[in-house]
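Take this structure, written in structure tokens, and hold onto it; I'll ask about it next.
Chain IDs A, B, C, D, E and F follow the sequence of writing; residue 1 opens each chain.
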Amino acid sequence: MPKVRVTRRVHFSAAHRLHNPGLSDEDNRRTFGLCNSPNFHGHNYELDVTVEGEPDPDTGYVVDLGHLRAAAESVIGDLDHRNLNVDVPWLAGVLPSTENLVVAIWARLAPLVPRGRLVRLVLWETPRNYAEYTGD
Amino acid sequence: MPKVRVTRRVHFSAAHRLHNPGLSDEDNRRTFGLCNSPNFHGHNYELDVTVEGEPDPDTGYVVDLGHLRAAAESVIGDLDHRNLNVDVPWLAGVLPSTENLVVAIWARLAPLVPRGRLVRLVLWETPRNYAEYTGD
Amino acid sequence: MPKVRVTRRVHFSAAHRLHNPGLSDEDNRRTFGLCNSPNFHGHNYELDVTVEGEPDPDTGYVVDLGHLRAAAESVIGDLDHRNLNVDVPWLAGVLPSTENLVVAIWARLAPLVPRGRLVRLVLWETPRNYAEYTGD
Amino acid sequence: MPKVRVTRRVHFSAAHRLHNPGLSDEDNRRTFGLCNSPNFHGHNYELDVTVEGEPDPDTGYVVDLGHLRAAAESVIGDLDHRNLNVDVPWLAGVLPSTENLVVAIWARLAPLVPRGRLVRLVLWETPRNYAEYTGD
Amino acid sequence: MPKVRVTRRVHFSAAHRLHNPGLSDEDNRRTFGLCNSPNFHGHNYELDVTVEGEPDPDTGYVVDLGHLRAAAESVIGDLDHRNLNVDVPWLAGVLPSTENLVVAIWARLAPLVPRGRLVRLVLWETPRNYAEYTGD
Amino acid sequence: MPKVRVTRRVHFSAAHRLHNPGLSDEDNRRTFGLCNSPNFHGHNYELDVTVEGEPDPDTGYVVDLGHLRAAAESVIGDLDHRNLNVDVPWLAGVLPSTENLVVAIWARLAPLVPRGRLVRLVLWETPRNYAEYTGD
């Protein structure tokens, strides 16, 4: 049986700020530049969720993309139109870089995938940069 | 002489919140929904700046797009990686909907266009919605 | 008060076929080529809905884009995952070219716009061609 | 010698319907929802064809992309402006999910690649979802 | 009868250089910067061709987009994979800015439009800047 | 510690020509077609630079994307608005196919990556074709 990967893109808009409370204000500014701006800034994030498996002979689906979308939205629903530094219990203590976000989303989403196996998340912060995680 | 329009796209990332201080919290939530979320959210904005004029016979340019970009960035530099409700003096008292933002940006940018005449601004809040203003 | 235009993009996927029952099969094939293929083909359509008006001073909105999206989806809900030649009562007798579709959608959608005035519809049949209608 | 991958994107538009004749109509509707709509719907598909190999020292090419495009179009020419459930002999009995389509296209296309080795196909059904196959 | 606009996008790749032979080398460098680089540079151009008219009742077409594409390609075929400063007789003496190119293409293309009337050309030099001409 | 990949896209515009001086003019024309056009043509190139590593606990960064962008631009600055056959010392003797370019860019860029490890370069020649190199 062939192994196929399917991907569904979902999106959310959020505010954040890069700030390490263990560093001085001066060091934060020097390290993070504009991303340390005190009153937050924000992004339109896009998340590409990739699941691998063998297509079900009855449906032709690795996973029903409607179900996968629902799983993904149950996670990013906590992030959409929120402040990633302030509003999200499961991001408490996480410095919200794209790298740290994609790892945190993986931990929430992987157990919810309804069929197949989560093999890749790509989180776009802007149309010109993204972070990619494969669970390693 | 032909009249031509040229457009240059620039971008910025910002946090904002839709909240009318003249309404109750309850009315704000009902009116703006998730966009009223208290600790802000944010977007990657794209701004398309269009200038009309006759190409200069010496350069073939309606306007040098490098100069136009510099003018546009001198305005959106105040917005990039900022909080539109809090950080921008020239947005004080402006409810930062895409509509109000594009009108406010026009007022700042129109006098700075180095050649030709500003005829259209398109401000994308997400890849699926935008506001467009032509100065009327 | 400034006049601003806002646009919201919505999408649907549909099957269709270009076939004029008043022409012979031979003439249909010659006129429409592959688009006349008997068992239908299909597209991912994108529809850009543009509304013009003065922003409401209380909300900053020309029109609440959530309400506009709901109005648009009440119309294209009849088209999504349907056959445009067979399934849609309000397209009966309409040759479903992009031009004819955008005019038919206008007639349904214009009265439903909740605030402001519908001024432009752009219907993309593929990422490389579209039809545009302004009500004239 | 370095190993490089080159990719060429091609496209086609087709109608299809997800329907398993081994299931009851009721089960088909429950399983496939709108995708089971009886008179078909359709999509603009994009296919990214990736070939790996060492660049030919005389041409700098892993594969001449004009030749690769011709090979890909000889396969998708059977699908373009067609009905995937009805019109394509080599899809007879295949439930035309994106997963099953990409596997079927691989089987046709792999032997036709004129230089190098087919290593990945990505088939986009919409701009927000795709299936990916690497021959495993 | 409704008036509708249809647009078809075509593309070409070309080399060019901005250089005014009436200016000194020093003035050319100061005016055009990197665009004056002596051995040329190049772009992937996209051209959006828009035609307005009433849909033909027999076809639903303002203009057959296959015919429009053929007309457009008969013009840009002179530009594709060419050097705009050197290779194109009908650009002799034209400083190949995007503005001047779009006006020159209009003059060649307008008489070839097979049905309806050319009302807009948009010539993209990069994904972030374009020139637009409406024949005025 | 998780391993994450981050990608930053950068761009440049350049002229080139595919021509093998070891072949006759006739063989060059037959092999490369329009890409052999004598006075060059050009492209808007996009380069996606991917770096893998563990996020730094102090910053959440695999690599500061501003630093990565600076490294990438120090390399492609030699290519931007240049002629790849004529102007670039480190491309002397390289037939500038996309494949050969991506390998040559890797050799320059890999040692400059400021943190983490370069694991993938994707070089887009047009929006519909690219070459991809992972250092093998």
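Criterion: a contact is a pair of C-beta atoms (placed from the backbone, for glycine too) under 8 Å apart; a residue touches a chain by one contact, two chains touch by 3 or more.
Note that the coordinates shown come from a computational prediction; the quantities given were computed from them, not determined experimentally.
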Fewest touching-chain hops separating subunit D from subunit E: 2
Where subunit D and subunit F overlap in contact partners, by chain label: A
Chain copies touching (subunit B, subunit C) - same or different residues, decided at half shared: different
Separation of mean Cα positions, subunit D and subunit C [Å, integer]: 28
Length of the line joining the C-alpha centres of subunit B and subunit D, rounded to whole Å: 41
Approximate Å spacing (C-alpha centroids) for the pair subunit B, subunit F: 33
Touching two or more other chains - residues of subunit F: 127
Pairs of chains satisfying the touch condition: A-B, A-D, A-F, B-C, B-E, C-D, C-E, D-F, E-F
Parts of subunit C lying in touch with subunit E, wherever the complex brings them together: 18, 20, 22-23, 31-33, 94-100, 102-103, 127-133, 136
Touching residues on subunit C, where the partner in the complex is subunit D: 11, 13-16, 34-35, 37, 39-44, 80-83, 86-87, 126-127
Contact footprint of subunit A on subunit F as seen in their complex: 2-9, 50, 55, 58-62, 65-66
